């Protein structure tokens, strides 16, 4: 052994060394864009009712925009009360005459067909999703599309096995389901809604989000290719008034809604004195808890994935970072370095990490809340990435020195903005994580299994990711507690939302 | 400044304070970076950079003077028809062929690297290992690729592994020392991180993944962990250590994936042959083929280049 | 003619946090037998009593859930033991409250006690029946567990003073919730009797809270209370719709009145949440 005095590495102050990691990304990547032409979009789309598209010219129309450019992609129809009525009646006829009398095995085969067709047209759908939503093509290609197909594949297998799902023998479908989905994962949310509903024997009227209707319309084409019986699935594009008409329609037996807590509350109120069933998947303010013994490099990636995945337009985003004080500086230093490396820009570029904000309205909301963050005295770190000149963009942002009482620690921002807080003990971490009206998702990072499970048991969240974040799978139930909603999507549990049990 | 280690207890305590590695996370990160799409001029830049980082290697029992000569010739001028193709970083041979390689390469920019310390198993006495090193250096090796004692590491005799590295470093004199961790035998990512730090503390100029002689050689998650280790070590001590990935890297696509890892983990300071190397033999031809393909816009046949 | 002993009567009180206070309002209201005779003066709970009860339930719930499922089962079974030993008393109260014949009342009590035993056996089965491992496509161990919703407000059935009460209250408690129950307005004493038994059944104080009073006054306080997670409207009658609307303000889980079905796990499912945990799997 060398006989020299011990230098404690941990005590070495980085600032005393003039060594600074040189700028990352010296190897420039030329643009590697996926071709927008793959989307094969039509100039305008009608509504998909009773197995066919209606004539677009018969409706009031609105443009759906590419948020990366602000330019229109296609015209879509605004479904009105009469359209909703037609769709619900078509769904009722299909329920009574076809779908509820068909064997589960046959229903399942339709779902398997749909799963395969989604796989076949995955590249086209990924491009459509990225164009309409603004999310990076890497995510729509590697996450949204494979998961959407997998969801249909998973529930296809349940259709003839409902007797074994743990809800008693021959559980019955509910009837006609009205399904209202958000703009953050347009096709995936359509899959989450349609697949279990159809497997359980319900028929559906689906309303995609106003700003992201296109992938659902391509899905309608897929349903035609699958020769799904007319009326089993109806797809109505439109704004909030369409959703409202759907909720109010007396022919609907069940509403499944994913979106904001504000709208969810209104829907629950509207349905409170009816017999309609309801499941809600609403907002969140997920805590990502980092203990001092956590695997630090994976922690940094996990925090980044947790908040910047899909521009932070994720209800379960890990938007509140809770770090044990002993490693808070270290985690922040690494995070700030890492956030600078994110590649923000053209969503169609295969190397883009963070895409466009979905709409001007959403961008405005993010700006307003981050302005509050600064006003309230939090320390702001903004990625030095260059933003494109046109379209809706927001630089990945971290707020440190955030307190529980700050607005940015309590309100859902739904954008690429992280609020960092600290804690001292596991008990304090749990208390802070649970100190919210929401209860959708949390992360726990530690190498100590017993503590991870201790924390997981105490978190008031429908999903807990340990040493990972933002993972989804069709077999895994997803959904919230408290004001994040009720009901589960995914897994055996997801069937309950569409069975009369 | 390199921290000084006075005892095995101190070494153990220091290594035990390193953060653990979550296998799933590091593999997911490496897989994500592998989806980077490098096109056009950035691809040309990456290919040339990769060529300049190759340690063109022959480590066979059947190696001969002739084989080494043709390898050295190729190392100096990978594409005889295109002088814009850079020379490789080094030629890597067994110690008894160092003198021959040296004589062919002369005082060119291409270094002579030699494996030593009873490569690849390292199962010899320290005296034999040191003699191996000294002979290679005396024959003109600029760089020594040593293997660590994986048996000692896995049985917890970290002090022994450390002492050997210190002793080999001393025997190297002015030659650069690359310490081969043989990560395929260390198995866990936690071990890779600890062994990386141990080697750097012992005086390694480079840490290297593999001998190429066991089933599992370089992988992108292992490279990612080693890059994180050199990054953190540099931040903590100011010492900049290089990384060499070796074994199983055969295509330009593989090489570019590693460059992306370097680019997005440690950055430009490591995007040079002084800090990052590929230990490979067949990789060079694929890099040359892809380079020509980029220039011609059409796919190239393998026989365009010499088979060395 | 033997001299008849003068009966010692009981003052009926609320059950809040394991104690039996009078209403803080000091008010009572008269409850009659099914035949219309005076039966008892019952504490007329106030909004503040409801608030105290919800607070107690909130504090008690994590402790109740932290107990082992085995232990919770034993506590509930203990309640059945207590009820069994006071069958005659329960029978008299059910008879008086519901106007049943003795045999009918005895049958109601027997079924109620057996139902408590049924629930006692559920505490350590729920996780296996409602939960499980999920085979996700990736290097993760993933499991789902049922966990309680939290504090449940129960508007107990107005007519079925014991049997209905047992179902409405034991179901949420069995799965780990604490409850604040508004007893039947006109027939509260069987519920209060059972409440007394919880005090000798090792229930932690606050798990089981009973407020008596005027349903139309108190139900909305419960339905609008933001710290209530779930709402069972079994006994809400015509008020159910309005209470359900109030519950929507904080996205409460609302169980609407429905035709009872003994074989269904509807009530057990009503106030559980599914918590899904992912953990990485690697060397």
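Per-chain numbering from 1; labels A, B and C assigned in written order.
Everything below uses one rule, namely that contacts are C-beta pairs under 8 Å (C-beta built on N, C-alpha and C of every residue); 3 or more make two chains touch, one makes a residue touch a chain.
Just so you know, these numbers come straight off a predicted model, no measurement behind them.
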item	value
Chain nearest the overall Cα centroid	A
Maximum centroid distance from chain B, chain identifier (CA atoms)	C
Chain centre separation (chain B, chain C; CA means) in Å	69
Centroid spacing, where centroids are CA-atom means, of chain A and chain C in whole angstrom	37
Distance from chain B to chain A - Cα centre to Cα centre, in angstrom	42
In chain C, residues with contacts to at least two other chains	138, 140, 280
Overlap residues in chain A, where contacts from two or more other chains coincide	467-468
Where chain B touches two or more other chains, by residue	22, 24-25
Complex contacts: residues of chain C adjacent to chain B	138-140, 280-283
Residues of chain B defined as touching chain C within the complex	22-25, 27, 187-189
Footprint of chain A on chain C - complex, ascending	62, 129-130, 132, 134-138, 140, 142, 144, 149, 229, 240-242, 244-245, 247-251, 253-254, 256, 263-264, 266, 269, 273-280
Chain B to chain A touching residues, read off their complex	1, 3-8, 10, 14, 17, 19-22, 24-26, 28-29, 35-43, 45-46, 49, 159, 162-163, 166, 225, 228, 231, 234-240, 259-260, 262-269, 271
Interfacial residue positions of chain A with respect to chain B in the complex	1-10, 12, 14, 17-19, 21-32, 138, 142, 293-298, 301-302, 341, 350-351, 447, 467-468
